[in-house]
C-alpha cells in the first residue's frame, strides 16, 4: 500500500499565529490536523479538548497541533472570522487554527474536500515526511490516538542500540529518565 | 543508558488463566503489568479500567495484559485468594491476574520489591525482549500510555519501505485499512 | 425577609416555541430560568445539559424550563437569531429560549440587568406565585438544584394527611407508586 | 395510600461511630439509608460517592446518612468486620455504617429482608416521622435524590408566611441568604 501525501491546506486565514503556516513548513514534525466546526457538539466536547491534551503532552516532542475550521453548514452563524475568534477566546484554544477556504458554489470547504473528509470532527495524523498516517471521522479514544502518535514518534527514533542501551529513552514524552 | 531486564514474577498463584504463565513465556509480546490492590481506590477507579481498555484495544496486536495483586496492607481483608476471586468476578476483570508472593517477615510482596515499586497502582511496560520500558506509580493518562505502547509496537515494525509503501499499515491497532 | 417577585422577561424574540410566553403566563408553574450565552463554556458543558435534565425529569410535574440568551459580549458572533438557532439545533435543545433584549447604549441586556445577574450561567428558580426562590451564578450541583426544586414542588403538596396517608405519593417525579 | 414505617435496623455491629445508633434515635431527622456491599461495583462507583455528597451537603440541615453493609454473597471476602473497616478506611467513608445481621440459614441479611430489598445498592429515604418515603434499587440520579430530600426538608418548613416573607429562606442547604 502506498502512503498518500497529505494535501496542502487551502485556507482563507489563520488565528492564534502571527504568521500563516503550511504543511510544507511543518515537514520534519508530526502534525495532528483537527478539523472542526465551532457549533459541532462532538468537536467541542471531545475532539478539541483531546487536541489540546495532545498539544500539552507532545508539542515538546515534535508534534504540531493545527486546528482547521471547516464550515459546511450554518455559514451565517459560524462562517465569520469574528465568530471563530470569539469561540477560540472563550474556549481557551491556543494552538494555530486555519479557516478552511470556501468551496465553489457552496460546496464543501476546499481542504475538507481535498482530504475527502466525511464531516467533523475529523482527526488526521501526518508523519514527518508529510504523509497521511491516520484519518478518522468521529470520536477517537485517547488510547488509540496516543498509540498512533507514539508509533510515529518511534519512527524517528533509532531504537535500542545492539548493546541494549536506548538513546531514545533519554527523553520521552513522559520525561527524561535518570540513567 | 542500559535498559533493565524485567525481573521474573514471583507469585503464589494465578486467577483467570488455566495455566500459570511467566514473563519468559511472554517473550516476543509486549506486556502491560498492572500492579494493584483490590481495596486501592485509584486502582479500582482508574488503573484497572485502563488496563481493561488496553486489553480490548491491543491484545490482538501482541500486547499481553497481566494483573499483579501486590498486597502490602489490609492483609486480612484482601490477602486471600477467595477475596481476590470475588473482586475479579464482580468487576468483570478477565485478564490473567497473579498473586504476588508474600515477602519475608511481613515486608513488601516479592515481585513488588524486585521492581522497587512505590505503591499501587504501578503500571509497567515490558518490551518484546523482556526489558522494562516504562515504570509509573500513580495515574497515567490514556494518551501517555497509548503513546508508550504505540512506540513499542512500532519497534517490531519494519517501517515504511524505501518506495513509500508501508506494510505495517496493513494492520494497525485501529484496523486493517484498504489499499 | 420578603421574597422578591421575579421581574418579567424583556425579550426581542423566542425560539423553540410557536407563541411567545411570559412569566405571567407561567404563574402556577415552577420556572427554571437558565440564562446563558452560546459561547460560554460553563453554559455549554454544565448548565444547559443540567437544564435539559430538569426538563426531562420535572416537566410532567409542573416545572417549566426557559432558556434566556443574555448576550453581553461577542455580539457579532452570538448576537443574531440565526446564530442562536444554529446553536440550539446542533445541541438538540428543545425547551423555549428567549433572546434577552439589548440594553441601552451597549449595556447589559435588559432582563439580565433587571435580575442583577453577575454573568452566565445564572440559574434562577421561580415559585408558583412568581417569586424568586433561588438565584445562582456559576455551576450548581444537581443535588442542590434537585433539592430546591423538590422543596418548591412540596409547597403545593398538602403533605401527609393526619391519618398517615400521603396523597402526594400517588404521583411523584419518580413515578406513581403502587399502594 | 398508607406510608409504611421504616423497620428498625437489625445489625451485628457499627463502624465510624462511637455509639451504636438506631432509627428510633434518629427520629426527627431525615435519614438516607444506603445499603451496599463493598465488592458491588455500582455501590463503589455511584451510590457511596452520592451518599457522601448528600452527607456533605445536607448533614447541617437535619439529614443523617447511614450506610448499611448488607452482605448476601462472597461472605468470605466481604463478610468480616476487618474487611469492611479496611474498605471504609481506603475509600474515606466517614458516615456511620452498620453491619446488617446475618439471616437464618444463609438467607438474606435481616435488615435487607425486612425492607424487601432487591439487591445493592438500595437507597432509602426515611422522613422525620420514621416512615419510608423513597425506596430505590440501582442507580438514582442526583437530581431525583435531591428533589426527594428537598421535598422532605420542606415538610418541616412552615413555608412562606401570608405576608410573603419566608422564614425558611433564612437558612437553606445552600446557605443563609442576606435579606
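When the chains are written out, they are named A, B, C and D in that same order, and each has its own residue count from 1.
Here is the rule we go by: a residue touches a chain if its C-beta (ideal position, glycine included) is under 8 Å from a C-beta of that chain, and two chains touch if they have at least 3 such contacts.
Every value quoted in this text rests on a predicted model; they were computed, and no experiment measured them.
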So which of A-C, A-B or C-D matches B-D, with over half of the contact pairs the same residue numbers?
A-C
Type of subunit A:subunit B copy interface by residue overlap (half), same or different
same
Counting in whole Å, what is the centre-to-centre distance of subunit A and subunit C, each centre being its mean C-alpha position?
38
Please work out the Cα centroid separation of subunit C and subunit D, and write it as a whole number of Å.
30
Centre to centre, by mean C-alpha position, how many angstrom separate subunit B and subunit C?
49
Going by the contact rule already set, what residues in subunit C reach two or more other chains?
none
Mind giving me all the chain pairs that touch?
A-B, A-C, B-D, C-D
Under the touch definition given earlier, write down the residues of subunit B that touch subunit D in their complex.
39-41, 44-45, 73-74, 76-78, 80, 82-83, 85-87, 89-91
Quick one: in the complex, what on subunit C touches subunit D?
1-3, 53-54, 57-58, 129, 131, 133-134, 136, 141-155, 157, 159-160, 164-167, 169-170, 172-174, 177, 179
